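Structure, as structure tokens:
For clarity, chains are labelled A, B, C, D and E in written order, and residue numbers in each chain start from 1.
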Amino acid sequence: MTGAELWTTAAVFGPLLAALVALGGRPWTLKAGLALGSGTALAGSLGLWVEVTRQGPVRHLLGGWGAPLGIELWADGFSVAMLTVTAVVGAAVSLYSLSYFGDLSELDAGASPAGRAARYFAPLWLLLWAALNGIYLSADLFNLYVSLEILGLAAAALVTLAVTPKATVAGMRYLIVSLVGSMLFLLGVALLYTEFGTLSLEELAAAAPAGPMAAASLALMTVGMAAKTALFPLHAWLPPAHAGAPAPASALLSAVVVKGSFFILVRLWFAVYGGASDGGLLLMGGLGAAAILWGSVLALRQRSLKRVIAYSTVAQLGYLFIMFPLLAPEGLGAGGASGPASPEWSDDAWTGGILLALSHALAKAAMFMAAGNMTYAVARDALRDISGVAHRLPMSFLAFGLGGLSLAGLPPSAGFVGKWLLLREAISAGGWFWVAIITIGGLLTIAYVLMVLRHALDLKASSGDFRPVPKRMEWAALLLALAAATLGVRATETFQILLQGGVTPWS
Amino acid sequence: MTEPLTVGFVLDGLVALLLVGLVFRLLRTRHLFEAIMLYVAYGLTLALAWVRLGAPDIALAEAALGAGVTGALFLNAWHRMAVRAGADERLPMESDP
Amino acid sequence: MELTPLLTWSALPLAVVLSSFVPGIAIMFLREEQTRLRNTLNMAGAVAKVALVGLMLQGVAAGASYEWALEVIPELSLTLRGDALALLFVTLSAVLWLVTTLYAIAYLEESENRTRFFAFFSLCVTATTGLAMAGDLFTFVFFYEALTWATYPLVVHKGTPEAIRAGRTYLFYTLGAGAILVVGAVWFQVEAGTVQFAAGGVVDGAAVAAEPVTWAFIFAFLLIGMGVKSALFPIHGWLPTAMVAPAPVSALLHAVAVVKAGAFGVTRLLHSLFGIEVAWEMGAAMVVAGLAAFTIVYASIRALAQDDLKKVLAFSTVSQLSYIALGVALLDPLAHAGGLVHLVHQGIMKITLFFCAGLVAQTLGVKKISQMGGVARRMPLTMAAFTIGALGMIGLPPVAGFLSKWYLGLGALGAGQSWVIAVLLASSLLNAAYFLPILKTAYFDEPDPSWAEGEKAPRPRWEADWRMVVPALTTAGFSLAAGLLAASSWSPLGWALFIIERGVL
Amino acid sequence: MSGPTDPQANNATGAASETGTGVDHAHVRPLLEDDGSRDGPAILTWMVGLLLVPAGVLLALGLRGAADSRDPRIPDLIAEHLPETGVSNPVTGVLLNFRGYDTLLEVAVLVAAMVAVWSLDRGQRVFGLPAGRARDEPVLAAVLRLAVPTAFLTAVYLTWLGSSEPAGAFQAGALLAGAGVLLTVARVMRPPTAAALPVRIIAAGGVAGFVVVGIAVLPFTGAFLAYPEGWAYPLILGLEAALAVAVAVILVELFVDVPSIPAPDSTLDTVDPTGDPLGRALAPDATPPDPGAP
Amino acid sequence: MTPLDLYAWAGVAVFLLALHAVVTRAHLIWKVLGINLMGTGVFLILLAAPARRDPLVADPLPQGMVLTGIVVAVAATALALGMALRVMSRTGSPFLTVDPESADPDPDAPEPPS
């Protein structure tokens, strides 16, 4: 039994067992569950980080069966990076949630919504965590579908933990979009199985799918995953859901949950379909650019703190899709989907794009927790009501600012390094449209981050009473923001591990 | 290559048509109860289709879970809504303990 | 002069940067009322920085070299190199940070949010020292952009709507140009293959000749990025509006740290990236020289029309900064020496003027020149320092300003650009035109009623808080010393000539 | 518990607040019927329709093309490796041996749905017919005596049969659930609510069993859920039994804990929409800061 | 034209009808019904389309997938119904009332002081 089997088992089944422990209903079971889940996820991802750095991508044949029959867990650079950032953000938010839901000792058996939220946040989140880790490691199409279902159900339930009618409607809309997305994905899986007779991503990559059926399947799966990732035209559900949910849930939804379906999209488009088609890549990039502009403009118009950050998620996700056209700068002609040798993928675009995904996860979680602290303190969500909070919550204010820097791509932050890499690829490929979009996006991000900071800095302290915010909640937000900053100062290890297996691990 | 017009082929044709017809009717109705009943009927027809496609396990599961449990879930929800709408006091589920 | 370096620890530059970063972060976690701890932390950091810089000065003079690098991603790393050119700017920042901290502690005695103020104040100095010692364009841009956002809380410190508006204009200019700078820097790395700074430039003339348009664009992007902070026309607008910030901010940041970062950037652009010969062949250096000359004259004219004292000083800064740009853009080593030394001279003279402006505003509430009648009688020491600074600005001999203009003139003749002499003379006259009336009203006019009535209280021994008057007098002293002792090799001029002779530029 | 009359007379449905005497179906329409008035413009419906029809035709033709030459290799592979799985029913072989991980995640989906439904509303203490009527319903009593025992018996048989004939844990679980709901509605069995610990243990038992077995075999066979030689059949049977019971309990839970309208804690409807997501008051006696925090 | 094609086409028809209903019908319960029907449509395609033709050979892998799919569909339907009832209890109507993509800002947030 090599290390790979052990660490992949820990990463996926650790949080799953922890979720069952957290169902115990006693305060200590919640703490034990979250601790067990965070511990196993961190151990699994760091163990895999060492394995993959040492010997490249590793696999774990579940049930001992080979590819067509059994399911394979596959860990390469991209999956390990996502696992690790999910573990770091997950551990911090779990710590945050223990204080956010108040004193767990008087769990009133779920009578009041606050009691139910305190009781059921941990099991739902741990199930979600297991599903996410499952998605990052799975190399089997149908297995991805089942993990996506767990993701969809648990995430929608996290939104409806909130009591306001707006959050309930947002949760319902999120569940419907999520289920429709999964169904479209499943139809795509059915078409691929009909055409190629296998569910294993590796075998599909070897078969280099290219026919009309393969294209239809990719289109279906892309629409399904784009709905779950809230890519531009299908983003309407995200802002009310992420803004309405309780703070720890919003942090998780925006930082890590939307990354799960993004991961699947990248795997399908590049690892399995070898880039699919130039037109397709341009379309995805174009939608990404539209998402940046639309999301930022709407973020500037919002008057409630968490809706600004939610629209910021819509915008920042756009950046991740700008990576698509930049990955094959000279187009796929050079031995693209048809040719056996995959085209020369640009390392800059790959590492830059994924680094932006990692930095967005860290920074967005920090910003939502910081915003959660401010709304927790004054129990009001409107920008006007959080004026003067900065003086009483300096650490949350600092966490929000640092997170904003990372989103805007200002040093010191991982966002800055990611943007530098993306710009370097765009300029060397002569993609001046992308250069303009990346730059304008950064400036718009600074605009709405400053809008919030100015309200928080506003000197007239709000008159309403002020609920003291537990120090642990402020530390959780600040630590993640500092992680985003330090990743901007030292990203060599991340850069190198992302090249293990790279864009097309199975070609 | 056209199949000879065997009985099996006609049966499959009818089942397929019935499936699509039920769905079309179900999604067009005004009354929720009618839709749920059509859904149960659809579930059972689908079980028949699975048998025709050589999947007995799925037929049993579809009948038990698809038509049975899911249909019952919808009826349960319908009842909650009926109680809410004050329409059906014959079966007030939550009477006093 | 046989000197053995006292300390050859290669990570000394990192220590210099951390000496203001660590107190900055520590202060951020202090509560508002822990004043004494905050002040001691601040002063300790300032003294430590000056000491470390002194050690490095001695080391570099004796031939040692200091370089520290942290790899961020495979071929991009944060490199801090303590060469002679970097030290010129680092010494200036370190010494003036120490002086300004003392001044700021007194100036902000009763205002709130001082924890946030001093934390971001230290972070700004960290960013300045970082970009001064940057060994490559990536590190330079890294600290340059960090300086932008670190300065914002200081500009909006007062929180008044006017301050917030000034902050917005400041960010609009600096962040907009910053984004262009990043694009330019990445483009430079793509075209030139490296971002390292090297004496004499890394770009070879043939490549530039091959694709003149691309390189022209790259130079333009980088110039816009550097130019915004060195207040070149037309992107100088933010500096006068940023005067709404408290006096210590105007003094250190808008006389030394932020604006010099821009001027230093232009120097790096012309000498360490393109190399002055290649820049001159491209005609880019000529553009910079022309732009600088125009800014010198234009800003001086605008200064004439100002009544607010700090606005006058702001426009004077805009014009003085362009002396540096003009100096380094010409093709003659003496002009380079003149430009570089003016970087120090302008710093010490302008900070004196801002100190005095702050003193006058704080003690007598006088902000306008029209109200400055007879101030010298009430505050002789402050006005004495102000006079030294003003004379230096005009370029009269005993004060340091004269030397920079002298060398600029020599350089211009050497480079065959005689029109520069006319610009120097014109600007000197204009400087005189807006500084002398201030001195006249201060010394010879009757005490202006606006501040005179309030003068019942007995005058304190040091005419105002000593912790503010002493810094003003020290920097005035520096200005005089830099002028009188210019011959010694330890003077700013000596060090500038040492840089030229050592070929570090 | 409030009877059919609901305390909120003024909500959007305008439900008549008088008791259910002369029931006219006017106010029933909004919930139980949908005349399509809220469905958005007809033009939009037609456009979506026009968009989907050609897609359907293309998809159908695509599926039809190359249909004759389709020769999936999976059935032969499964037939070849079936003896090693310890079961003779290929579907059970796929579900519990070849792709055991999928079935594990599938039960995890059920657990997730159960927990999610618990989090929606306060557990119902009362479910089923009014006490009086349950006892004197002759037909119900007869059905119970006939249906429930046979259901249990068939369920056990189906679980046992699953390894060789087309049957299995999920079908058995559904049957058990049906019997469970019948008993609860007839007030023979108290509704298993979220609070009860045995409910949680059995419900979580399915997933826990899978994970424990999977990890237990890891050191021996070097892979998660790879049954060692000879152990396949007993382990699969054990897992199937645990699955059947777990699925049954979860399905009954999903029935009983469906939120009722209006929600018992409906007073919170008047919660300030821009306030605390969990409706917690800001009052000074608000939850004291976490004792653990410094 | 074998029976398999019939069922495959029936699957496609059911899937698209259901998708159309989910998108256009406003009533929540119809949307949940639609999602369920979309699932069964895909299962029909999954079992009919890839099957080997001449000797009709039952392929156990899709059957395993469909069984898992049915159980997952039950779970998803139960939660969707629960949430729909929660929406009805919170907003009193079986429709998703609050307009999500209101270009204008959050309707509930109070007006800023001009």
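Definition applied: a residue touches a chain if its C-beta (ideal position, glycine included) is under 8 Å from a C-beta of that chain, and two chains touch if they have at least 3 such contacts.
Keep in mind the model is a prediction, meaning the values are calculated, not measured.
Asker: Moving only from a chain to one it touches, give the least number of moves from chain B to chain D.
Answerer: So the least number of steps between the two chains is 1.
Asker: If each hop has to land on a touching chain, what is the smallest number of hops from chain C to chain E?
Answerer: Counted as steps through touching chains, the separation is 2.
Asker: By that same contact rule, can you tell me which chains touch chain A and chain E alike?
Answerer: Common contact partners of chain A and chain E, which must touch each of the two, are D.
Asker: Centre to centre, using CA atoms, which chain is the farthest one from chain B?
Answerer: Comparing chain centres, C lies farthest from chain B.
Asker: What's the chain with its C-alpha centre farthest out from chain D?
Answerer: For chain D, the chain whose C-alpha mean is farthest off is C.
Asker: For this structure, which two chains share the highest number of contact pairs?
Answerer: Answer by contact count: the chains A-D.
Asker: Distance-wise, how many Å sit between the C-alpha centres of chain D and chain E, to the nearest whole number?
Answerer: Chain D and chain E have C-alpha centres separated by 16 Å.
Asker: What is the distance in Å between the mean C-alpha positions of chain A and chain C?
Answerer: Their C-alpha centroids are separated by 43 Å.
Asker: Could you work out how far the Cα centre of chain C sits from that of chain D, in whole Å?
Answerer: 70
Asker: Using the touch definition from the top, which residues of chain E touch two or more other chains?
Answerer: Only 2, 4, 9, 13, 19-20, 25, 27, 30, 45, 49-51, 58, 61, 63, 65, 67-68, 70-72, 74-76, 78-79, 81, 83-86, 88-91, 94, 97, 106, 108-110 qualify.
Asker: Among all residues of chain B, which ones touch two or more of the remaining chains?
Answerer: 32, 55, 57, 61, 65, 69, 73, 76-78, 80-81, 84
Asker: Mind pulling the residue numbers of chain C that touch at least two other chains?
Answerer: Not one residue in chain C touches at least two other chains.
Asker: Dump the list of chain pairs that touch, please.
Answerer: Touching chain pairs, listed by label, come out as A-C, A-D, A-E, B-D, B-E, D-E.
Asker: Chain B touches which residues of chain E in the complex?
Answerer: Residue list for chain E touching chain B: 1-4, 6-7, 9-10, 13-14, 17-18, 20-21, 25, 27, 29-30, 32-34, 36-37, 40, 43-44, 47-48, 51, 56, 58, 63, 66-67, 70-71, 73-74, 77-78, 81, 84-85, 88-89, 94.
Asker: Contact residues on chain D for chain E in the complex?
Answerer: 8, 11-13, 30-31, 34, 36, 38-40, 44-45, 48-49, 52-53, 55-56, 59-60, 63-64, 67-68, 70-72, 74-75, 78, 90-91, 93-95, 98-99, 102-103, 106, 109-110, 112-113, 116-117, 120-121, 168, 170, 247, 251, 254, 257-263, 266, 269, 273-274
Asker: Can you list the chain D residues touching chain B in their complex?
Answerer: Counting only chain D, the residues touching chain B are 1, 3-6, 13, 15-16, 20, 23, 25, 27-28, 30-36, 68, 89, 91-92, 124-131, 158, 166-168, 170-171, 174-175, 177-178, 181, 251, 254-255, 258-262.
Asker: Would you tell me which residues of chain D are touching chain A in their complex?
Answerer: Against chain A, the touching part of chain D is residues 58-59, 62-63, 65, 70, 72-74, 77-78, 81, 97-102, 105-106, 108-109, 111-113, 115-116, 118-120, 122-123, 194-195, 197, 200, 204, 207-208, 211, 214-215, 218-219, 221-227, 265, 268-269, 271, 273-282, 284, 286-294.
Asker: Show me the residue ranges of chain A that touch chain E in the complex, using the header's touch definition.
Answerer: 142, 146, 149, 152-153, 156-157, 160, 165-166, 168-173, 175-176, 179-180, 183, 186-187, 190-191, 193-194, 197, 199, 236-237, 239-240, 243, 298, 301-304, 307, 381-384
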